[in-house]
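Going in written order, the chains are labelled A, B, C and D, and every chain counts its residues from 1.
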């Protein structure tokens, strides 16, 4: 928690600002959303770390995938992820987004979520308690520090394969591709 | 001599274009534009002169006189400019329609008649030009056939009532002073009894009130404006309706003179205070009715009625600031209401006659210049600083507050917020939001339509930032009425009770805008995105269904809708139905069968013989 | 009380079996063709709430079993005294090869989503149903997923199995 | 002349700093009421730095210009307000100009939001304008009462008059107006009981649905300015507007804390309830204030 180190602020303000102002989009993708209200309200107060729920993807830079992802929800998740502005991070809750968890053989859930959208952080636990969510937030800080939280850069670089996987899983997608094939990614600016 | 030439060119030009039209429409278009735009410099170079010349001797024993002073020049230049712009606008607007020669003839005739009214030196010629104007306006309103005929009929009935009351006033003036020359009547009339002055005032107020759509007589205006072709409704709402205001100014301050007008009746029941109250009510109710309209032109028409209230309020209040504000508001209102009607005309032209606010949207991407015109016009109508509407409203409010009429000021200020709500609804439903599928490929409005809009927008902004230019002219008018003059600077008014300095406001807004633009550029570059990529909670955006326009202010509608029924309109229709039922009963008597008529004659003769026999009356 | 109802049902309809498995429960098994008539009769008898339509896949003896569960809001015109609400379950058997049934929307309009769901997940076609479009599932399935012969592990293998993971190739 | 230029530069900066401080204070105060720690006071500054570095989405040129216009409008209003002894531009127009320039900000935001082509935004804007009409009715009555009481339209004279005599909120006629101004203060600020136009749950933050990185930063700065302006207007008109900026800011802080108390405990009203409330008690008080000041004046 190096929030009040002025020198770091002066050296890289963008990174520090990204770390201490994570606005999480309030989108209940799965069963884990029941853990978010206690995180926000009095007992575990996420606002201490600058994490507050944002109403729309445009205002957010943190996307919490809470719990299993059904095929129908994946369409909304991809759409929301693509509507979020650029330095954006995603955190997967529990084992279901990793490899399908206990729904590993269900016809209606998505098994490996990181085949469709990049995930920066995972939290163990079938539904992780609020303390685990704070561990994820602090873990995300270290990732941002070491510039390893580059999910959105991976998404832009390998967009064709992500898009192909999405079409394989969901059939035809109504929205046009986010990055044109011709547009080569503009470097790794943080 | 020059005034005669002016009128001859105006009227002769109209006829000449009609016959040129028979030859080929190219000549007609060129000639119409040439004549109407030739009038502008012609009138402009008459600035400052005051002359009086009789151009016809012995019309029923009176000679018709043309007179020019600062007031008539002020109105003449507005008429000429608006007339020229609307002719240029209607070049491409009227292209596909039939009877276009008749249209151009009537448009030029209306302009000429209005010039005639303004330059008339005596009431007879005033009346003649007044009638020409009313009739040509009637023919133009019902140009579109269909519902326009009913609107035209409603307009012409009320104009006839107005003309008749004008005639009555004129004849009574002639009987008592046996001259109708304005400059001769003015000194004499203030000597006559106040009862006679009150009669003259009410009669002329009815005549000019109907034309200026003051509250009890406003019902013709919304129908007439929404059915007339857009270029003409720009002229109609811009300057033709304000002939009523010219009439008010003429009667109150030129003929009657300042002291006798303000002296009528005690302070609270004085004529001008009651008129001021009528003006105030005239601001509030039509502006909120405008909010409920779903047709773009009706919305603007109701604003025409509403803004007329400011002028009546300013002129009737009688202080030097208020009268300056009132007259300045006339030319301001002309500029932005004409601009807004031209904008609606351009949208109508491109979307094939659609002006329903619920089926348009997102036109800003396709018609940017029209949007800029609409934005500047709306800001002018609302009175946002840096536009001319603000300056005239500031003058009126300052005089209202300092004279101690807070409730009048309150009514006027609430009118402004009603204007904001309804004009934002107009801007949003037509230009902002989702672009419907069927307007995907409409082009920009043609240059002949964009030119008038750009000119009017410039007029609004220039008069807003440098109000000294028009205020100098209006100050001359007001001092000619008898008020002491204000010290006008190029950017507003300096007085110890509160100066207005628009250059400060303009420079402050400019610097602040540049500052915030730099702050905006500081951030990371933003990617432009199509309208399909908007937030819909992750769902796909349906085509043509993602646009919120119907009942735009629904919560407010439900609360104030019962108060906004147009009772006066229903009252007139009730009278109309009464007359129709009366006519129905009379038809039983005159049912066209000759036998009945013969029977009536015989019965009548028998009755006469019987009376003679019984009472020997003769 | 439900005995009198039991006699009433048996008297009006011939080829059906009525049993009372437990307190305030009546089980009626009927032929496919007489289902609508019984539904109409029960509705008139006061059971105006169609709680659920569900299906059971007896793959061994080649039948689908459709169950209609009805309850009643009104206490008065149905003479039963105990506090527990009376449930009636109406069962009918449909052959697995060409599963068809007439729609119950005419009698119970709220049957529409249930029938769409059963059509999507079991493949039972309801004649006269206004729109048998997919309700819940995102993709098309040649064998409806709730049938016993739908091998979910094989389906997962060949749909999601061959989606390559995105390695950071650039 | 140089002093005036310094004032011209200084007052927007003071307004920005104080406004952002108020935003941070509001979040900390609300957190304390919710019995939690809450973010540091400078959290809005951190948010804005992050937003300026974050990429964003634009729906067209008017989408950007509207935001710039609305921020410019707010900055200009600050120049017209006397901030404890310094009143850079208040000579050119008085209270009427302030009233009308306060129009620029919501109009600019409405036009830029309109191009965002999203019904949430349109509903947010229509609610914002209805709410503006709602609180304008009492606000106009209050301003007219003050202007008729002091027989002037320039705000500097109002402040000087109060310096000599007592605060106008204590003097008889304007007590009613002052009270009614305080009742509609949450509506003017757009905070909790009246934040119908940016309701995150109902219309996913209404106006700000499509505002991403720098747009959201500009909107928060503009909100800070509006916060500062509304409270400064209240202090100038009713609490005598102090001679030096320090006492002025102390008075503003006091008023803001009171406003926050209302904000913290009330649920969000529906737009119709808000209008019914605004047009009932505050309008009645303002109307009485105006009548009393008229009677005293004549």
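As a convention for this text, a contact is a pair of C-beta atoms (placed from the backbone, for glycine too) under 8 Å apart; a residue touches a chain by one contact, two chains touch by 3 or more.
Worth saying up front: this structure is predicted, and the values here are computed from it rather than measured.
Asks: Farthest from chain D by Cα centre, which chain is it? Let me know.
Replies: Taking each chain's C-alpha mean as its centre, the farthest from chain D is C.
Asks: If I average the C-alpha coordinates per chain and also across every protein chain shown, which chain's average lies closest to the global one?
Replies: Measuring from the global C-alpha mean, the nearest chain centre belongs to D.
Asks: Ranking chain pairs by how many C-beta pairs touch, which one is first?
Replies: Contact tally peaks for the chain pair B-D.
Asks: CA centre of chain B versus CA centre of chain C: separation in Å?
Replies: For chain B versus chain C, the centre distance works out to 70 Å.
Asks: CA centre of chain A versus CA centre of chain D: separation in Å?
Replies: 36
Asks: Counting only Cα atoms for the centres, state how far chain C is from chain D in Å.
Replies: 61
Asks: What positions in chain D touch 2 or more of the other chains?
Replies: Residue numbers touching two or more other chains: 51, 53-57, 204, 209-210, 212-213.
Asks: For chain C, write out the residues touching at least two other chains, lowest number first.
Replies: Where chain C is concerned, no single residue meets two or more other chains.
Asks: Considering chain A alone, which of its residues make contact with at least two other chains?
Replies: 56, 58, 75, 83, 86
Asks: Quick one: which chain pairs are touching?
Replies: Pairs flagged as touching, ordered by label: A-B, A-C, A-D, B-D.
Asks: Looking at the complex, which residues from chain B come into contact with chain D?
Replies: Residues 362, 364-365, 371, 375, 379, 382-385, 390, 393-394, 397-398, 401-402, 404, 406-407, 409-410, 413-414, 417-418, 420-421, 424-425, 427-428, 431-435, 492, 497-502, 504-505, 508-509, 512-513, 515-517, 519-520, 522-529, 531, 533-537, 546-549, 552-556, 558-559.
Asks: Can you name the residues of chain C that touch chain A in the complex?
Replies: Within the complex, chain C touches chain A at residues 136-139, 141, 145, 150, 152-153, 155-156, 159-160, 163-166, 168-170.
Asks: Enumerate the contact residues on chain B facing chain A in the complex.
Replies: Chain B residues touching chain A: 524, 532-533, 535, 537-540.
Asks: Report the residues of chain D in contact with chain A in the complex, numbered from low to high.
Replies: Counting only chain D, the residues touching chain A are 27, 31, 34-40, 43, 46-47, 49-51, 53-57, 200-201, 204-205, 208-213, 216.
Asks: Taking the touch rule as given, give the residues of chain A at its contact with chain C in the complex, in rising order.
Replies: Listed in rising order, the residues of chain A that touch chain C are 70-72, 75, 104-108, 110-112, 114-115, 118, 154, 157-158, 161-162, 165, 168-171.
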